[in-house]
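Look at the two complexes coming up: chain A is in both, with chain B in one and chain C in the other.
Moving on to the complex of A and B:
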């Protein structure tokens, strides 16, 4: 657990005159999920884009397996960034969407078929392998996007509110499937969400981003006891609901 | 059934004038008030295939000009539209793109004529190509500015983080997604260039004859049969493009 894969040190970023990230530092352990909780506009997405290489930080350092990667272009970092929308390639079917990264790496065709079919099975998409993205539901599209990222075995997977556009039931199913698949494929993950429960459910480590500043917590208990996280208020809210129900 | 009748009627209305032009192009002698020529001959159509005739050269020049303009504009405006669309000054750049359309192409050409005369480009094919680029390039940028949206940007970025280089992202993602709009731009610009008269006449100063200019010239000379022939030749490429558009582009869009 203590083997650090991603080490982010004192990152800051401004767009023109607007400071989006003032200070962000954290360490993500190997095969663990680091949850970042934060409201819209708190700088979470910008932080993920900096880590993936899609944006350049103004100051600070990024270490991936102890190597400074700030100067390495996005396509060579082996860090996959997934958006809230599944963003499947509309001209490719499910099989080809998942195979995309493997074809780029010129993996032999036989191996591609084998690996993609296994991924399709793991993500329970067997019936949909030759469907086009427009023929899939929101949850299915998100699973394909997830498989397309996992199959290339990235060093770090960045998930930017991946279940934000899903309904409550699909969201629950996807949280479980996502957690289990990340565990099975052993991928270090940074998971960004504005949902407190989701952050706790998904994360082995946790942080909170507010007004461009990332605060990290040693464990879940520290997070739950910190008055700034909103966790206490949430617990009190449910306790009161429970008490009221008992009275009736 | 009624729908089929309407479609047939619509198609007939469009095709009838073309059919009449085709009949006229075979005419040899015609006098008022007859609708159809008295005598017919293949002589005008044969001249299209004779190398010593001016018509094949005119067709070739028109094709070279229109294909060059369409190819250059499609290629250049595709990439420049990307920079315009992703720029923080997107609105300002797009406003500039509309400026050439404030006045008509002839007036626009008149404002450029001095520079073309000064650089010895007047009366040359290169001059006409450059002049047509002035009006068609912004048009291309406007067409592509809708393609380069936030969704395409995100898909490009996603492809990059999956490991594709900028070239691979273009080959495997951007190009397949942009095929329809690329063809659309190519066809539109080709047609603008193909039918362009005022600007081409002014910059060509009578030295470069395109098929469109020839049609007007034959009409002015009251050469009805040659004007009809040139008109028939003029509509062949647009008809061909319309067929390709319907057969391939539209079908692809439906599949996508």
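Moving on to the complex of A and C:
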């Protein structure tokens, strides 16, 4: 767990004069999921876009496996950013969407078929492999986007509220499937969400972002005991509900 | 509820009366004329005009020439329209109203401009002569009324490019191409790979049917080839009109035969394309549920 893959040091970013991120720092360990909890507009998405190379920071450093990557363009970083919207390529079917990254890397056709079929099986998409994106449900589309990102075995996977647009049941299923698949494929992941439970469920490490300031926690119990995270209030709320239930 | 349904039916009837009925009436009239059932010189049912047209080189050469002009015009237009729309998006330029102006010009006006531009006594010829590029005005190559149809293609391109540029620019937004490009970039695609594997396929796939319709539209264009085309080969509409307006009344049934045949070929090709699309969707579904 102490092997650091992603090391973010004092990242700051402003759009025009509005400061979006103020000296954000965190370290993500190998094969672990780092959850960042934060409300809309807290700077989470901008932070992920800076890590992926889609945005450039004003100051601060990014280290991937101890190498400074700020000057490396997005397509050469081997860090994949997954949007809330699945954004599947509309002219390609499920198989080809997942195979996209492998075809770019000119991997032999036989290997592509093998790897993509395995990914399709792991993501429980066997029945849908030749469907076009418009023929899929929201959850299925998100799974395809997830598979498309995972198959190229990125050094870091950045998930930006990937289940935000899903209904409660699908969201639960996707959380479990996502966690299990990340474990199986051993990929270091930064997971951003505004949902407290999801942050706790998905993350091995955890941080909270508020008004552009990122606060990291050593472990889950520190997070749960911190009054600023809202976790205590949530626990109290459910305790009270339980007590009231017992009274009746 | 009942009233809404009645209004919907009424609208459908009006639509059919204004669009389908006149076209069908024209087609039936042409068919009857081509088979000798009606018409001044006709004496009853005959297939001789159809046989004459089908066996003549004139029709097939004209059809092939029309297809050649259409394919070349559309291909060049698509290259220009794609380049312009992608450049506009890259530089974040808003499409000016100036871009819509060529769409407002009648085809005959555009053809006339092209004639002034490219004929032996036209502007380009004069400019080249003045700067010493040619010794005599007559040395300027034949770019109007030429066999390759240079000025027909040029004029068609002028008229088509603005339409496809606007179409591609709108598709760029509706297909979220900006975001898709970022996804592809993030997955490791270079700018060239994004262009070849995402931008162009998405835009062309979405506009495929419009492209097919434009090929048919250019194939059957009349004013531009009439002014800028050669006597032989002629584009299909010019050939039809010449047959129709000749002093020889016996040519009129042949004109209707050519017109009917062209419509049939067009409908056949469009049907094939539609069946192809349906079949592809069906196969995709079957494979998906297999």
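The rule is short, and it goes like this: the second predicted complex is superposed on the first by the 248 of 248 C-alpha atoms of A that agree within 3 Å, B and C clash if a C-alpha of one lies under 4 Å from a C-alpha of the other, contacts with A are read in each partner's own complex, and residues count from 1 in each chain.
The rule is simple: contacts are C-beta pairs under 8 Å (C-beta built on N, C-alpha and C of every residue); 3 or more make two chains touch, one makes a residue touch a chain.
Nothing here was measured: the structure is a model prediction, and the numbers come from that model.
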After aligning the two structures on chain A, examine chain B and chain C and state clash or fit.
clash
Look at A:83 in the shared chain and tell me whether it touches chain B only, chain C only, both, or neither; answer first, second, both or neither.
both
Have a look at where A:52 lands relative to chain B and chain C in the superposition and call it first, second, both or neither.
both
Pick one for A:93: touches chain B only (first), chain C only (second), both, or neither.
second
Which partner does A:135 contact after superposing on A: first (chain B), second (chain C), both, neither?
second
Quick one: is A:24 in contact with chain B, with chain C, with both, or with neither? Answer first, second, both or neither.
neither
Have a look at where A:190 lands relative to chain B and chain C in the superposition and call it first, second, both or neither.
neither
State whether A:152 touches chain B only (first), chain C only (second), both chains, or neither.
both
Both chain B and chain C contact which residues of chain A?
52-54, 74-76, 78-81, 83, 85, 87, 89-91, 100-101, 103-105, 148-149, 152
Along chain C, where are the residues that touch chain A in the complex?
175-176, 179-180, 182-190, 193, 197-198, 201-202, 205-206, 284-285, 287-289
Within the complex, which stretch of chain B touches chain A?
151, 154-155, 157-166, 168, 172-173, 176-177, 256
Contact footprint of chain B on chain A as seen in their complex
52-54, 74-83, 85, 87, 89-91, 100-101, 103-105, 148-149, 152, 158
Which residues, counting only chain A, touch chain C once they are in their complex?
52-54, 74-76, 78-81, 83, 85, 87, 89-91, 93, 100-101, 103-105, 127-132, 135, 148-149, 152
